[in-house]
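By letter and in written order, the chains are A, B and C; residue numbering begins at 1 in each of them.
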Amino acid sequence: MNPVLSSLRARQLSGVRCRTCARLLRREKRSFATASGAGDPEGDPEIYDVVCVGGGPAGLSLLAALRSHPTTSRLRLALIETQSLTPLRTFAPQPDSYSNRCSSLTPASVGFLDGIGAWRHVRRERVMSYGGMRVWDGVSGESIGFDVDGGGGGVEGVKEEREGTEGSNGGVVAYMNENVNLTSALLRRIEELGGVDILEGEKVEDIAFGEDTPTADLTSWPVITTSSGTRLAARLLVGADGANSPVRTFAGIESRGWDYNRVGLVATLKLSGPGWGGEGKKIAYQRFLPTGPVAMLPLPGNMSTLVWSTTPALAARLKSLSPEDFCAMVNAAFRLRTPDLKFLHTIEGGQKDEVSWRETHTKFSREQVPQDVVAVQPGSIASFPLKFRHADSYISQRIALVGDAAHSVHPLAGQGLNQGQGDVEALTQNIIYNVEHGADIGTRMNLEGYGKERYWRNHVLMGVVDKLHKLYATENLGVVRVRSLGLGIVDRLEGVKGWVMRRAAGERGLF
Amino acid sequence: MSSIIPIRGTSLRNFNLLLQTAPRLVNSQFRPHTTSSNPSSVNPIEVSHFNALASTWWDPHGSSRLLHLMNPLRHDFIKRCHATQPTPVAKEGLRYLDIGCGGGIFAESAARLGSTGTVLGIDPTPEVLAVARKHARQDPGLQGKLEYRNMSIEGLPKPTSLNEQYDVLTLFEVIEHITHPADFLDACRDHVKPGGWVILSTIARTWTSWFTTKLMAEDVAGIVPKGTHDWGKYINEEELRAYFLGEQGMRSPPGWNGPQVMGVLYVPGVGWRSVTGSEKVGNYFFGIRRDE
Amino acid sequence: MSLLRSRILNSNLPRELIATCTLTPPHREPHHRQFSVLNRPPPNYEGHVPLTKTERVGMAIGSAVLAFLNPRRAETNKDLIATLGETTSQPYFITRLRDTMLLTPSGRRILRLRPRITSSTLSLPHLRSLPKNTLGHTYALWLDREGVSPDTRDAVKYIDDEECAYVMQRYRECHDFYHAITGLPVWREGEVALKGFEAVNLGLPMAGLSVAAVATLKKGERSRFWGVYGPWAVENGVGARCLIDVFWEELLERDVGEVRRELGIEMPVDLRGVRKAERERRRKGREEGERSGDGLGIN
């Protein structure tokens, strides 16, 4: 190894250095590295403090968080992403067209994103906050109303929030946002801060432990080889690489769970109006059908996004329908009774006519369900399988998992992305604490705090969500009665409810 | 079963009394000694004991786990001490001397800090130091910032200039293993820069510490290997204070000010916590600044 | 409550989750709203009489007891059975029957077109002129043989939901088709057998309660019920498809045997024939007894 290079490296890794010098050095070294072929498998790997595999919401927000905090901004970071990030950089959407992959962001997630300076890069005109939810049992009709201000009328007192302060609750249950809007904002934030080596369009070919060379003993360090032959040694390798995480596989961490035999069918829809309460009083709707919950979540204007959890066969039928019949089916899903829905799924067409007839014989309050779906955005209907997966551990020596790599959850509570943001926030805090205390950010012992905190928090939440799915995935009259009754009882026993809530919120201990 | 005595008001009072009188049962560690055949402060029996510990030093679930868990508090305490200075501490280039560095738990962490210039860790036990050196190689970031030497404080050349002195001299869980602590601390003094700090941690000599470190930790629970601690050598905070500030007829090396103390308590399942007043009971940190 | 809510809301709890666990008073359907006799709501359809819960229970018990004590009135005057049927099928059973109809194309067509079976919608002369093996002919023949008319059905009054009221009406009007296709007569014995079949096949409590009338049968009829018609009713009630969604009007020209096979119904032993044979046997027995008595007298 070239002595100049090794001394450079040592200085780079040392905590103290002038940032501008460091950047200059790195640039120099990078060109040097290219010349000497440091990317080639024979050479020593490049040494990084954090290598993040996966450029989704979790991975990008981790990098943005680390870069934006003064304590961790000196860390040497790299991102490996299979796909090109160019579509995120050039994200220039049509005003009336929305991606079908939307997620609800809790005020806590938005607060975090705001704190790391990413939220201001989000195209705000495409984000829709909502202040109320209506959730009801599709079999018994028992309804669950919820609104942030705790007032009676569902949406009373919900503020005009779109330009309001982020993170403070301000009458907001959650923010609906296209995933691409978030990831492009995060990328913009990262590139604004600079200092992250982005390897895009490159796959992880291999992860193996490093070698004991004369300069350093990297036998406990994961060394990643990418498809272009670049090798990176990671003090901390973060798996933000999704449900089939190669990082998790390398770490030998099992991910356990089951498939729900359900798919989440998504679509971007146009409704007959902006919502019963107008643009300022948006509401999210969710109805628990025996096949799974169907949710209509508000987007700006007359647009809404649909997440319909159903069986693969029924989803296939829905996808095969004409746009008119598909819209009719969505309307039916929020209005008609189970036998009607069952029948409507068996016919190959003509749903529109059937639904309009049945609506006249079905008792529902128009203002308690979403406004009529009038159109579906072409090409926006898609589906993905629903799974329950939870990694046995979020950490290993020099490994941390975040987001879907650690857990997949049923989308009925809209928690998937928020859990990932929670992971990132906790991992960032963990790294900051370790850097401040001179601890090696990669060792298992120093990651334990992150692993424990997030595992149990997510575990409780995922358990509740899973049980809710199972509880509502039945038409058995007894179960329907008991679930309606049980919720009523729990609702009245405030102590019990408060206790359950606090557990779900991740508080520790029994009381 | 017979050992369980119901605690009544009176017995509780008696117990407290015992705790308070305990230190008096043993003479102060700073009693003057006449002959010093051994030029080193190091006790040879202690050295061989730590040899045996070397292999488990970096095992986070081994016998050094409590030390690993305590390490962040060491930094917190140093930060707290620095914060009491009238002049703010330098943001970079700080020099650390870690005496009795062992496997390097503190030395490595100090070397990783952005404000650190260099760290020198010394330890008289060669096997332990070998462990430290081997482990430091696992972090390329430590290269050039961390150095280990197999020696005692007496072996370290006396500094001839300010540049050879240290901003922070640390003695973590060391002083209770030293036979003649006063001589040892005298020797340390020369290595501290004016305005620099001596930071140490140890265990108070009380019935509680006897109960927790000797009986429970070593004999009953076996968390710590037998022979790690010699309760008779434990030093109390007021003894340290008296030594440094020259009170109570202690031999008084001049020039120290601003003593700081922080009692810490290990709560199973939670970890180490700073608890005000607990320095009288068990583990505590002590810091004192050399006059500028 | 609001204190708890605000505390929960201030926690970092996922709001969607709170929502799914927070229940507000159920959103009740208008027709389930409680009312008293003093402020009876307007009818949901022509002829509808909204009942309070107490009235409903009272009428159910009253009509059941009267029908049991006075089976003859129940037979000649269908109002008791009709009241019993309407008051016991709500809220659950009639809804379930309607839901069964919603699951099949023919059931849905019936609900949508709402056909009525009366002598004006079905031309009996035309049915009589159909070939003998047709359902229509069989139906007309049965009406003629039993001397009944499709127009003797009461209008539904006590079912609250307008569509469910139609389902009850439809059930009543189809009842004669069940008779015709099974060949069971309108006498009490045939009626009890058919009610047993309906109880199992349609799940209507009134049909089940009517089976209690077996206690009022003669000894021989009762043992025939337990030995022959009861088992037939259960077996066929379970085996046949639910008859409520059969669009009888569309099957009139079909072969009756074929229709039975499609629906999964086996003809029970002809009750008229059995009774005739029984009468014959008893008559013969009497004659033989007389003859042997004569012989004895001679000797």
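Remarks
Assume a residue touches a chain if its C-beta (ideal position, glycine included) is under 8 Å from a C-beta of that chain, and two chains touch if they have at least 3 such contacts.
Just so we're clear, the structure is a prediction, and the values are computed from it rather than from any experiment.
The chain pair with the larger count of C-beta pairs in contact, out of A-C and A-B, is A-C. Greatest Cα centroid separation from subunit B: this falls to C.
Per-chain Cα centroids separate subunit B from subunit C by 92 Å. Once the centre of each chain is set as its mean CA position, subunit A and subunit C turn out to be 55 Å apart.
Subunit A and subunit B, compared by their mean Cα positions, are separated by 46 Å. Remark: subunit A residues 7, 9-11, 13-16, 47, 49, 74, 212, 215-221, 235, 433, 435-440, 443-445 touch subunit B in the complex. Those residues of subunit A whose C-beta lies close enough to touch subunit C in the complex are 104, 106-108, 133, 135-136, 141-146, 148, 150, 169, 173-174, 284, 286, 337-340, 342-343, 354, 357, 361, 363, 365, 368, 412-415, 418, 461, 464-465, 468, 484, 487-488, 490-491, 494, 497-498, 500-502, 504-507.
Looking at the complex, you find that subunit C touches subunit A at residues 1-2, 4-24, 26-27, 29-31, 99-100, 102-104, 108, 111-112, 162-163.
The part of subunit B that touches subunit A in the complex is made up of residues 60, 68, 71-72, 75-76, 92-93, 108-117, 134, 137-141, 143-145.
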